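Two complexes, one shared chain (subunit A), two partners (subunit B, subunit C).
The block that comes next holds the complex of A and B.
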């Protein structure tokens, strides 16, 4: 085998080896951790909100002036919207899932007890909430029109009936979440809330929060001249209806301001914008690093081949075939790269530990480092193949020239 | 001689264009990427008001209830405490502040009513934070006390309402109330938005500023964070004001160590009194934070930029290792030329100078190209983030430009040290033979 001579030749040019190996090591460290972060964020962004996002949009409606009567106007508006062809359902809601802003509270199983309070998002909605959101009712019953109460800041919320997510029921009643229907829980003001239904999934407005799967729906319309209409459409009708609904609301003659006419998809993309930006930046970093490292390998390979033209010629003159020469350089690169990826694997895991310690991140799965090692070994071989082929073209006659 | 060496290095560049361009590219990418992250860090982790950051303090109280698990005291004050501190703090500049939204009915017929994001703050707010005015000014403490209907407009809002003209003395209608314009701000968007980081430290600035006392006095529609940890006693607006709900920022300016000590003492006594009354059951270690401490406590600098800093440093390291290798190839490729020069009696020192300059020239070219890379990178990040944060600052300023080029030149010369040393120490005889 040629490993012996290759090894001894390398030991005479330690710096070249160190340079390439160190580059590979750093590259591996960055790639492994960057890919891990990208996957991590990808999983975060892939979590379903539980709603029929593709067919939902919302619009903020703010009334002003002494003559504006929100209870009347919103009833009128919702009637109009629900009758539009292409609209499946519509509701008035206080906050939009995964939008970043909303209202939260804590619920307890015993009135007045603070320990073990379960944090949750609060959605105040009317009777069309479930059919509008497109969430799946898995136990109990849906709201009816008679459940819905209207209140303003001088009327207390009082005791009420609510629908919560299965995740929240499980947090309140560990192990018997599915049997939560009919049970009573209490808010911070000790109002009693009877659970009348469970929905499979409905995320809170804050995708980063620790209780993102805990949501509670209250059949209540809060009158403060500011409302959000959430509209569900038949597939493909959303964009047309967004324009139509806004135009019709604007034309209805009340003194109002319409804002934030957005689809849920768009709003979701905004909420995850930092995560997707981070992923894009990391992809760019990985691409750049692989390019730079490959160029570095090419550069040093060309250099070392040029320095050894005469030796190569001599080997050819002594009977080495072209594949022999090619194999020599591929093997040489493999040796250097192996040193690099082994060092890199150690460094990558160390860097991951640093991330785990300083940021809210978990350990990398075991297969990341080996996968990265294989990728970089292949990258090294591909980078060196060009210079190595040009080395095989060195004429044996070179050995006899000069000296 | 210097110019001659520069000419030589340009000649050398031309003789080996691929290798040299690779080097320039590697340095440009490494330095450019690093400077993108440097700019992000320099602003996001930097001091937003360097000449005053150690004189401005935010107050933190022992809010919450030990019975809650993982409850961190919210970084704002309750109405009770904010008004108590406003009244008690007479000789130091201080301000309570919180956000509101309102319907603005523009004068004239051309504009339809629209929504504005506003801020309620005390008179001292403007001088405390060195807020620049284009026209007019703020108001005085008397206006705070008497709840005068005055407003300071942002530059943009004044542009929208009055076409950028001096609107001091004009009237605007917000939520049905007639406000008199007392001043118009110059362009002002500090990053981070240090005086209120509750809804994102890089959120857009507010458009209208009114006396904070009006938020309560006129029951304006409040926005921003409100964090409560105890049930209300009653159902009225007054019940909300009396409740344990934090929603107000409170800043005070303390110019000397004595003032700081005295005020800290006052705050500590106040907290002790409240504890005796049964409030503030939590225990916290620190109640006065200066601007930079407050930025750290509120974790203003995103994790993302900190992770990217480490990754960018490694990217730069790879690029420099690359440069070491490429310079080595390049200089040793010139062995015969160096051999001839040594044989003709050239000093090692002049060879050394020549090659340092050659490395420096490559570094400078890399730096200039790196500026382009950095500008592109920042533009890319602006596009990725869209309008979710104020991003006026996301560009190369003179300082960053200077650091970029300097970093490129210095790091290339450092990377070149070993190759240069090798090049200057070749044995001339062995290279003369083959000529």
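The block that comes next holds the complex of A and C.
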């Protein structure tokens, strides 16, 4: 090993070394944190909504005119949809999970209590809600047709029998969420609701919300001329049925507007668009930085090899084999890169702590910095291998030929 | 020691073919001090490069130290250079970024010698050229003559069987040059075979034997009866 003389020679040409090491350190700082953010976002985006997303679509139905009677039309529409071949179930619902819009409220275990109120998304649905959403009932019972109350502004919201998510039950009754069936909880107007069932998981409409796992299903249809039909199909039938349902609704002769005929998958992608755009940008930043760093390493190597052609020829004359020359430049790069990645690891952790303190971010896992160091060391070796191989081709005759 | 038979060296570029050496034959015995002279472009450096295995030749046979080295591969040639040959260059060719100790160390590193033994040898070699006290200096802190002495120490440190020098005094003034020549004579007296290319006719007379090259061929080969002290 000839690390000693390589190191001492490098110390005589510090500027280039410092610039490249600083570039490596900076790159490491950025990629470690960027990869962490990407993974973090990825985990967020990968959370299941609890529904059978792949086979769900919805359509907005807005009626108009004096003769339009939503109670009649929606019953007729749902009947038609449920009978179509390929449709598993359908429900009328006020909001779509992970869609970005919906309604929420706060529930407490004691009437009138303000502190300890648990925020939750509210889904008003009919009796086919659970089978349509595809959520899993883990305790209690499902809704029946007689549970469903049809209501408009002239009928006040009364007491309800409701189904909530396990996460919400845990928030209301810490440690005994699974025993929540049969218990009564209260909304801000002190209306009582009896929990009749628990579902394993059903996300709120807002994926960024802090209570995204808290959802409450109320068996209620609100008659106001505007409705969302949510339809679950057999696998592979969704896209065909999206077209068919819209065509049949349009052909039914009622005065209405049909909007937003979308699959849940599509809606989900839109809700996470900023997250996935950010990940794409970060990937581009990482790629660009790594490329620039690699080019910097190649540039420095080519420059220093060209400057030392005669020295390399002399080393060859004095007995260096081609592998010796190759090893020299790989080792030299390893030394520079090691300085860079050590500094970079320190900077990366410091930068992460800064993000933790100033933004809503968590600490990076311990293995991110070492993994980044290894990646950049390998990148450095790969970048220098081309110039180093060209250095091995320098003829030993250069020792006597050129001045 | 060194036997070249019917060596041809042709440099081919896109435009011209240069016959740098043609049917070149030369035998050098162990312990000789041979000077090579001849007009510029006659092929002196080419001969030295072939003798030192820095370049390959087009045809002919070269036997070095009893071994036919005509067709050795690149790796083996490097090993032969490292173990059997010492080089001294006109422009010294020291590594500017390394101190004298590390400079002399270069050939030993390629021999895979233990650090303790290397240190012993390097200090002995630097001492023999009178520069041990400056082992931590950089080449740029030395005069030309001193730099060439370091280069000689580097050539000797591996204890080669013979030494090849291409105008070792070409960049030095005459006083410094004669100092370097004295050193070479001492080295030769200690048993190392030396082949030296020179332009200086007075230096040529100081050797055992002077070979004059013209147009890539040996034109005259004279034994000098007058030897320098």
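By our rule, the second predicted complex is superposed on the first by the 401 of 403 C-alpha atoms of A that agree within 3 Å, B and C clash if a C-alpha of one lies under 4 Å from a C-alpha of the other, contacts with A are read in each partner's own complex, and residues count from 1 in each chain.
To be clear about the criterion, contacts are C-beta pairs under 8 Å (C-beta built on N, C-alpha and C of every residue); 3 or more make two chains touch, one makes a residue touch a chain.
Here the structure is a predicted model, which is why all the values come from computation and not from measurement.
**Q** Go through the superposed model and pick first if A:46 touches only subunit B, second if only subunit C, both, or neither.
**A** neither
**Q** So which one touches more of the residues on subunit A, subunit B or subunit C?
**A** On the superposition, B touches more of the residues of subunit A.
**Q** Kindly classify A:190 by the partners it touches after superposition: subunit B alone (first), subunit C alone (second), both, or neither?
**A** first
**Q** Quick check on the superposed pair: does A:257 touch subunit B, subunit C, both, or neither? Answer first, second, both or neither.
**A** It touches subunit B, and subunit C stays clear.
**Q** Under the stated touch criterion, which partner chain does A:145 make contact with: subunit B (first), subunit C (second), both, or neither?
**A** neither
**Q** List the residues of subunit A that touch subunit B in one complex and subunit C in the other.
**A** 403
**Q** Where on subunit B is subunit A touching in the complex?
**A** Going by the criterion above, the answer is residues 19, 22, 25-26, 29-30, 33, 65, 67-69, 103, 105, 112-115, 175-176, 221, 228, 230-232, 235-237, 302-304, 306-308, 310-312, 314-315, 317-319, 321-322, 324-326, 328-329, 332-333, 380-381, 384-386, 388, 418, 434.
**Q** Which of the residues in subunit C come into contact with subunit A in the complex?
**A** 45, 48-49, 52-55, 74-75, 78-79, 81-83, 87, 89-91, 93, 95-99, 102, 105-107, 109-111, 138, 154, 158, 166
**Q** Okay, in this complex, where on subunit A does subunit C touch?
**A** Touching subunit C from subunit A are residues 2, 4-5, 8-9, 12-13, 310-311, 314-324, 395-397, 399-401, 403.
**Q** Considering the complex alone, what residue numbers of subunit A touch subunit B?
**A** 15-16, 19-20, 22-23, 26-27, 29-30, 33-34, 37, 62, 64-66, 114-115, 117, 153-156, 188-190, 224, 226, 255, 257, 259, 270, 273-274, 276-278, 280-282, 284-285, 288-289, 292-293, 295-296, 299-300, 302-303, 306-307, 351, 354-355, 358-360, 402-403
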